[in-house]
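Mind looking over this structure? Questions follow.
Every chain is named by a letter (A, B, C and D) in the order it is written, and numbering of its residues begins at 1.
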Amino acid sequence: MIEVIKVAKIYPPDINALHEISLTVSRGEMCFLTGKSGAGKTTLFKLICNMDQATSGLIEVDGQKMNLLRGRKLSQLRQKIGVAYQDFKLLPKRTAAENIAVSMEVSYKKPQIIRDRVCSLLDQLGLADKYNIPTGELSHGEQQRVTLARAVANFPTLILADEPTGNLDAVTTKRVMRLLSNCNKDGATILIATHDETIFRKSSHRVLEITNGRLKKMTGVPTVP
Amino acid sequence: MIEVIKVAKIYPPDINALHEISLTVSRGEMCFLTGKSGAGKTTLFKLICNMDQATSGLIEVDGQKMNLLRGRKLSQLRQKIGVAYQDFKLLPKRTAAENIAVSMEVSYKKPQIIRDRVCSLLDQLGLADKYNIPTGELSHGEQQRVTLARAVANFPTLILADEPTGNLDAVTTKRVMRLLSNCNKDGATILIATHDETIFRKSSHRVLEITNGRLKKMTGVPTVP
Amino acid sequence: MSFLFTVLRQLGRNLRQTWGVQIMTLLTVALSVLIFSFSYLVYTNIVHFGDRLSENIRLIVYLDEEPGPELRKQLERKILQFDDVEEINFVSREQAYNRFKAQLGENAAVLDGMPKNFLSPSVEVVPLNTLTHLNRLKDFSDYLSKMGGIQKVQFGQNWVEKFNYTSQLITIIVIASGALLILTTIFIVAHTIRLTILGRHNELELLKLVGATNNYIRAPFLLEGLLQGLLGSSIGLGTLYALFLWVKIHFTTSGFMAIFDFTFLNPWGTVIIILSSILLCTIGSWVTMQRFVKVC
Amino acid sequence: MSFLFTVLRQLGRNLRQTWGVQIMTLLTVALSVLIFSFSYLVYTNIVHFGDRLSENIRLIVYLDEEPGPELRKQLERKILQFDDVEEINFVSREQAYNRFKAQLGENAAVLDGMPKNFLSPSVEVVPLNTLTHLNRLKDFSDYLSKMGGIQKVQFGQNWVEKFNYTSQLITIIVIASGALLILTTIFIVAHTIRLTILGRHNELELLKLVGATNNYIRAPFLLEGLLQGLLGSSIGLGTLYALFLWVKIHFTTSGFMAIFDFTFLNPWGTVIIILSSILLCTIGSWVTMQRFVKVC
């Protein structure tokens, strides 16, 4: 699903965020990315979902070279990638439901289908009573869950979750992980960046560690359910 | 230092974020606040630093009634309260140093003193090389640390840290906690809202738990060094 | 179908959410259009007024001899060679004498005993009643005086010259202020739209990241610009019309200004103003959008 | 001292960081001032031009009898009772005859054998050369014709009436467009400043939370508004002056328009425009700031 080949990213003027990273994630795999703060996790995610261009190297997602995609093709690929951003990128004046719906509206889903999906997601994440509340008035942890809901709403084939549980307590974390596991079971490839050891320590999934922009350690083997 | 007496907060239309909470934090104490996501931790902080007004009840900080403060008096009190906001509130186009300096400039500190303090703080938080980088270009964890640095820069007598380690790995978390402990040793009263059990499980400080807007459980006894 | 539906829904949401700024932008557009069309209206009315003032202007060409039918034809042809005219009247010696007598009125007695032919015969040329033609009056007079058999050419020299200068001045003022106003209007409307869109760049960026096509992102904003242009210019023109009616009723009926006979912009002018403000707002939105969309 | 230093430092940072928007706002202010002062300049020049055009206007009061020194004094007194005038000339029968003869020119022969006193004696009244006085010419003439010993009163009836109407029209236009321009300028400048400050409300909020006093927050923004007003109006007026010089050089030297003798705004007008645009920008900033500051 994801092929990262010798990718480097240098932010101007000379901040070397990634040094020639190579990485393969197969279709349907779930895998964790960890590393110190500032190691380069978010940068790698940004390159994979084409928010930013790599300085050198090649990234392929779903068989398509990211640096060559433009226009309609790029939009279509993006609709299949769900990203839960570390800084949320929610629209604070829109309600939680509208924020989640955005990712489904761009692929012209029917309003009825959107409504059902949104309700089901809010329910699974314990936010059923926040349906009609502007996200600007939610607590930080609630916003984080809305972000995740938006990422998975459109049944993407690839989900990138950047620190999805940073502001969540243990109970809520479990709910979030259950949702992600379910998505994984439905066939989505999932990449989770996290500092929270509790969520990957006992799992059987692969864990990648980035240190100072280099892929250093991998524990576990690729597992495809 | 902080007296919270039967404080309730109802967000319009009828979101009952806090139900008649009472709480005392003595001068020089360090204490943790925990609770599920959406329990009301941030709301309590907002009331204490006068970002928002309580619906009923009384809050006193440093002997002054918060709901009566206006103008210059309020500004002076705020200069003595350092808050690390959960959503950071950094100015993304200003450099890390400028962001930290803001809280010292408002009390007309000398430029030289400001520079020294900023350098020392960035150093303690492992951000020495980010002095001149706009905070918009920092990683999330780095932004979180800059926020904390801004909160403690002006030697406040009260520090409110809302989830200061949500995006940080274990090593960096230790650095942050060491900085807060030092501030506490210098006499600052500190209140930390957090989900991360590892940072308060082994400590001897008081831990308050909020559930659904009610103060439910307190472990440990007030400790003043 | 679903595209149209989505665009309209998006538009509805945007308007609902940002109505404050929208109304301010609308007012800006309306005021700009108002000012612009106001100055245009003043211009057309001044031109119109000038036309009426100049209705009495005529060139009088004094001839050496009473012209025979042959000479008359020839003169007419020569005059028409230079410029189209409204009217050509031949005034014989006798007609001139009668007019002079009528002008003297009570003192007509002084003419008693004078021969009836002591005044020269003449041709009255009434030029076409428009500014451009009037501006050439001086040249016309020079041209005529160089023809054969002409004694001298006379016209309200002084008045026409002053009128001429005034109309030149007005033309310069109108061109300068028109250019200035167009520039300002474009700049301010574009700037306002830009600030409004910049205030929503988070939303645009998110839509892009979530996989919206460029058209999906742009269409609602372009529609918004279109609505702004349409409503803004309509409001501006409507206000102008109300003002116009007010002035017309208050001043035309009070007698002394009846001479003015104000006219409003013709329908074409109105349509053109509306269309160009729509175009302007839409282009303003488009250009600003490009900044966001191109970074895809 | 340290307050001033901090405010200036803050101002410097703001300007450095938001120079793009600042320049756009500056341009908006400059263009608004330019348009406004342009129309004002046009107005003053039209008034000036009108004064010059009307220099030759005079009332001619025909008398029944040649007035003796006693009657002259009496007439003068009566005329001055109504209005101040520029000049009063008495024209005797003989002077009138000579003038008429000169006017007839070649045809003067017709007067041979006429008695030199067939024309009436008259008084020429040259009114004060300003618009208000000219507008009362009709009343003046009515007043004079009701005095004893007066045959009739004549003045460039037609021309003066047209001039009158024109000046009334111009006054209406200037008042209407002045009001419109002031309204628009204030609105647009305030709106622009508002959008600019709104775009930075995060910063304002943070400063408040961190314990900045209201003055600490406001001062740099007010200074910014002041600078905007000062620079913007200076640029606008500067551009206007450049335009003015260009027009003056291009048109005055080319002969035919030498009559116009353009004048620029007087120093006081300039100062007043600059001061009021400073005031406007500062108040615009102030009002917008209140929204943020009051929520302390």
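The criterion applied here is as follows: contacts are C-beta pairs under 8 Å (C-beta built on N, C-alpha and C of every residue); 3 or more make two chains touch, one makes a residue touch a chain.
Just so it is clear, the structure is predicted and the values come from calculations on it, not from any experiment.
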### Query
From chain C, what is the lowest number of touch steps before chain D is reached?
1
### Query
Which contact partners do chain A and chain D have in common?
B, C
### Query
In angstrom, rounded to a whole number, how far apart do the mean CA points of chain B and chain C lie?
67
### Query
For chain B and chain D, what's the span in angstrom between their mean Cα positions?
62
### Message
Centroid from C-alpha atoms only, then distance chain A to chain C, rounded to Å. What do you get?
### Response
62
### Chain centre separation in whole Å, for chain B relative to chain A (CA means)
29
### Query
Which residues belonging to chain A are in contact with no fewer than two other chains?
none
### Shared interface positions of chain C, touching two or more other chains
none
### Message
Chain contact topology under the given definition, line, ring, star, complete or other?
### Response
ring
### Message
On the basis of the stated criterion, which chains touch which? Give every pair.
### Response
A-B, A-C, B-D, C-D
## Note on the structure
The residues of chain D that touch chain B in their complex are 2-3, 6, 13, 17, 202-203, 205-207, 209-214, 216, 296
### Summary
Within their complex, chain B touches chain D through residues 49, 51, 70-72, 74-81, 83, 89, 91, 93-94, 98, 102-103, 105-108, 150
### Task
Could you pull out which chain D residues touch chain C in their complex?
21, 24, 27-28, 31-32, 34-35, 38-39, 42, 49, 53, 107, 110-111, 114, 118-119, 159, 162, 165-166, 168-169, 172-173, 176-177, 180-181, 183-184, 187-188, 191-192, 194-196, 198-199, 243, 247, 251, 256-257, 259-260
### Query
Which of the residues in chain B come into contact with chain A in the complex?
11, 15, 34-38, 42, 86-87, 133, 137-142, 144-145, 163, 166-172, 195, 197
